[in-house]
């Protein structure tokens, strides 16, 4: 059997705990051995919950101890670049949560650092590992619906994002924090890069939540033209209290495909004929993508054990960031924006 | 265009009004011209509602007037035989609601009267005219699921049946009043007559409703062996407050078919992630079989105008009654009952 | 009972026959008495099929005969204005198919003619009469999902549109011919007028169909900002061979609502576990909106008989045309277009 | 962290491999350390596949080695009693696949052996650990649908059972091998023991498969009366090639509940409007109950580590066997059979 992969988790918050649980409960060939978090209380409770004794306030401290093969980074976006570059510099494989970074220069630094140090970089696009999405991709590749013409992808979720996640200085707002997955999935499933985007945003609940962040929005609708000539739409709504909703619909030259479902569990109950029957809905992203989170971590561990590159890495993360930047520019300037405007000359060659 | 068919409705209650509405609102080639009901108040309000001026307390009175071609009989079961025989004797075509009659002798009298007088007899098995059920039958006939092996049919509905409908003296209880459609549909879709039945019943709500009718039950589960060797199950629940529910599932040698749906309307709403989303349910049988009721009446009118026999008549009605009788005998005697026990020698030749 | 409304149908093609069937088969209080079509063969076969003896090559000829109360206009868009104005001038009520006309000036002429002559004008927005859509509207009005924030509406359909319907000179292309219903429904369900639109189009199948119409597109994706601040998306795909698809999804401040379904019939069949089970899909628009077509005609007839204005008329038709014009301008000029650019000064007061 | 539980798997066939995979791939706190199978080839390939070096032809040989805490028994039914009693005698915890044994005397021996030796016995009723079924049970317990009145449970599956599994001498046929889960689930969800059963069977495909086993059947329909007065239905079909199908429907005094779904994956595709759209179906039981298999094994391991009895043990296994015996007696003798006839006097006290 392959050697156990020893992992240090950086960021012991909600996303971090999802990965910790995958490692502890469902992945015999990896081990969560270290924990980094700058907040002492978080470090203590998460460490206790998952039985991790090696706890550090900083990545640097963890690297002095150095008893691990890889890191999982789940801290806020504005910290990604420095942490990923540092970990790569210490020859640790890097699993990095989305969005990859604040801008393309940071993405490039991360990609360069991992390549130079010969370590793997996997981005946290767990939808690619969800059984539904993965099967859909295979079936599109096999030509079942022909050449994709239109794709629609949505992510709507409950809960107000934290302050840093809606400030364009520390994140790129909902387009990045909520819709990164849609940027990645639409490009992946269409088999083509975005070429032009137009974005409309709306702010319905900001006032009620006393949010005065400039350019705050809680609804977004993106129009995309792909290099293939295909079209795309992304919608984001957050907070929305009806559940966590992530679905895709694709129209190809030969047919339609729908991926995902609002239904969270196959237990329906009807007790009132004037109302109807009730079907459970996915409540949270860890619930919706339970298998996706386990399987993306299996893939990361397997990549390290078998020395094969992860299927989704820096290039994919960078394209999602590029979409976010073009989209943000679009709603700020109220005009369609070409990807080439944010990618710069010749950068498309990365794809 | 064909001559308008003039119709006299006997029984101005709930089922009668469903047919009156089909005639008045959706069937240009027929006309509701007369109304018979022994209850003066019902006669008045239903007559007013549907603009029918010719109103009679008895069928005999209506037959004196005699300005109609056909009758629709929707009165309680114990009156069916006399009304149908009388109408047929006056050479009126007969549309007769289910259950056909209280026993096989009555069924035989009705069949004989209509045949002798050269008029048509159509039974109110509207499920055969529902677009879902009709398409399903065609697809089974076309061999899509192969030879049917098991059929399951259910009718669950809200509302306590009236007293006469649960008394074995004036009706045959739920097996007849609620499940007549299932007896007909299972035989029709299986393409085979029932040969043996076993029935279990339960009484969960009788006490709460102060029902002391002997042998009252509000839940029934029927096991059927068909002449083809196939098996069947029928369930009945009434009253059940979650909606009106009528569905069929068939397993054939080559596959499965499901007919019907709990969903009553394609409008779903989710507002609470801890609960889920809500889908409308069919509330009532007129709502569930809106098209079935219109189309069965279209068929009756068309049969008269074009002088072609209706697709569902006395033989079908008689078989449903036979199933009911065998089923009732089964739960009373707590043993499986052969259809031949109720049909008598050689009667199977009717099929 | 109300007087029978006598109707003359102008345009005996596919849409015309849907209305003829509603009148002949399901609407006892109206009568199809006359038929106008400039193509002799169409006039003959449709006249024969529906038993209409009074047949005319032109509306003028029909008006000389004059034995009718109302017209249904189902001819190509570029003929709408003249026919509607002429019929109104002869004091006939007008049922006019979508799109209302080629431009706003024509819309205004039609509105003025019907108002001046004291006749009713109803637009063929049958979705408003579909039971699903109608119930959804009521539930939104009742506040079930709160203030609408995002609406997504789609119409995808099989079959290549006729040449006149894809030429911007004789129609306004797919945005008008296919997506008129979406323009109307999004405005109706959002309870707000569109304020700004951005449109991307794509042409995937034109070459294979030898279409050289300038600006031809077979895929369209519209982004809308409403006056309320809400956002909207419309997609159109035609031809698409997977079926006729018309669905809406709305996110409100309190929840999500989905209207419509891909499923065309509640009969599912599974025979191959490697493939899955098969659910019928709506094949055509008359099938999808069977009740909508009957009920919109019932409404028109009822409006005339009871002298109450139809619920959907010229103002609604005009707004849909305005959306089409702004959308077309958007994709031609590759920029977002304000509705005020096409409506002109002060025209918004119509709403 | 709790000590790793060391497990020896007895029976390296299909069911055995499902558990081996759960242990190896998803359960860090247990370890598959030994393998027993009397077929050398099976032992070799399964051992290689799961990296298990300690391989034995017999349980006795494995017990000489003795380096394990628990066994999983997945061999044919007629071997269960001896293996379970032997393992318990060596103080190994026992996870035993369904059906528990051939008769109630064997069940009693197994229960006695595990109790006497102070080891745990868990039965392989994985449906109780499926997220859908588990949530449904909780909701019924919470009173959501009121007192259960009727339950319908089905198991239909592809593939002809092996010869031993259809011979009443080495198994109890389909009622045991396929429908054990239904016997357990109906009793569990109804919260009541079966009191009387009536069974009809059919043999549609036996001849085509050259099966001459006496009393062979491939379709079964069970009618149950529970001690509570509630009713139940179980259907079994095997082989059926449309997929693996396991669903339950319950009607309570207050409403309806449906558990499970035919749909295997949320990816639907439509390419042909004359056919409809295709939804994946569950193909196999390991696919349908992927989580159930992992979670039942988690539960077994957790029970051992934390010294708490498993939630489903000998009593539950024994009741399922009792149902099977009464059901078999019913179809052989063509009459309803009371459970008391097979349980004997006073045995009901076990429940």
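Which chain is which? They are A, B, C and D, in the order written, and residues in each are numbered from 1.
Heads up, the rule we're going with is that a contact is a pair of C-beta atoms (placed from the backbone, for glycine too) under 8 Å apart; a residue touches a chain by one contact, two chains touch by 3 or more.
Since the model is a prediction, treat every value here as computed from it, not as a measurement.
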Write down the chain pair with more C-beta contact pairs when B-D is set against A-B. B-D
What chain is the most remote from chain A, judged by the mean position of CA atoms in each chain? B
Per the C-alpha means, the centres of chain A and chain B lie apart by a whole-Å value of 56
Just give me the whole-number Å value for how far the CA centre of chain B lies from that of chain D. 41
Chain B: positions in contact with at least two other chains: 241-242, 254-256, 258, 262, 268, 270-272, 277, 280
Help me check something: in the complex, which residues belonging to chain A touch chain B? 158, 241-244, 262, 264, 268, 270-283
Chain B residues touching chain C - in the complex, by the definition given at the top: 1, 24-28, 51, 131-132, 135-136, 139, 144-145, 254-261, 263, 265-272, 277, 280, 294
Contact residues on chain B for chain D in the complex? 147, 149-150, 152, 156, 196, 198, 200-205, 219-221, 223-225, 229-233, 235, 237, 240-242, 245, 251, 253-256, 258, 262, 334-336
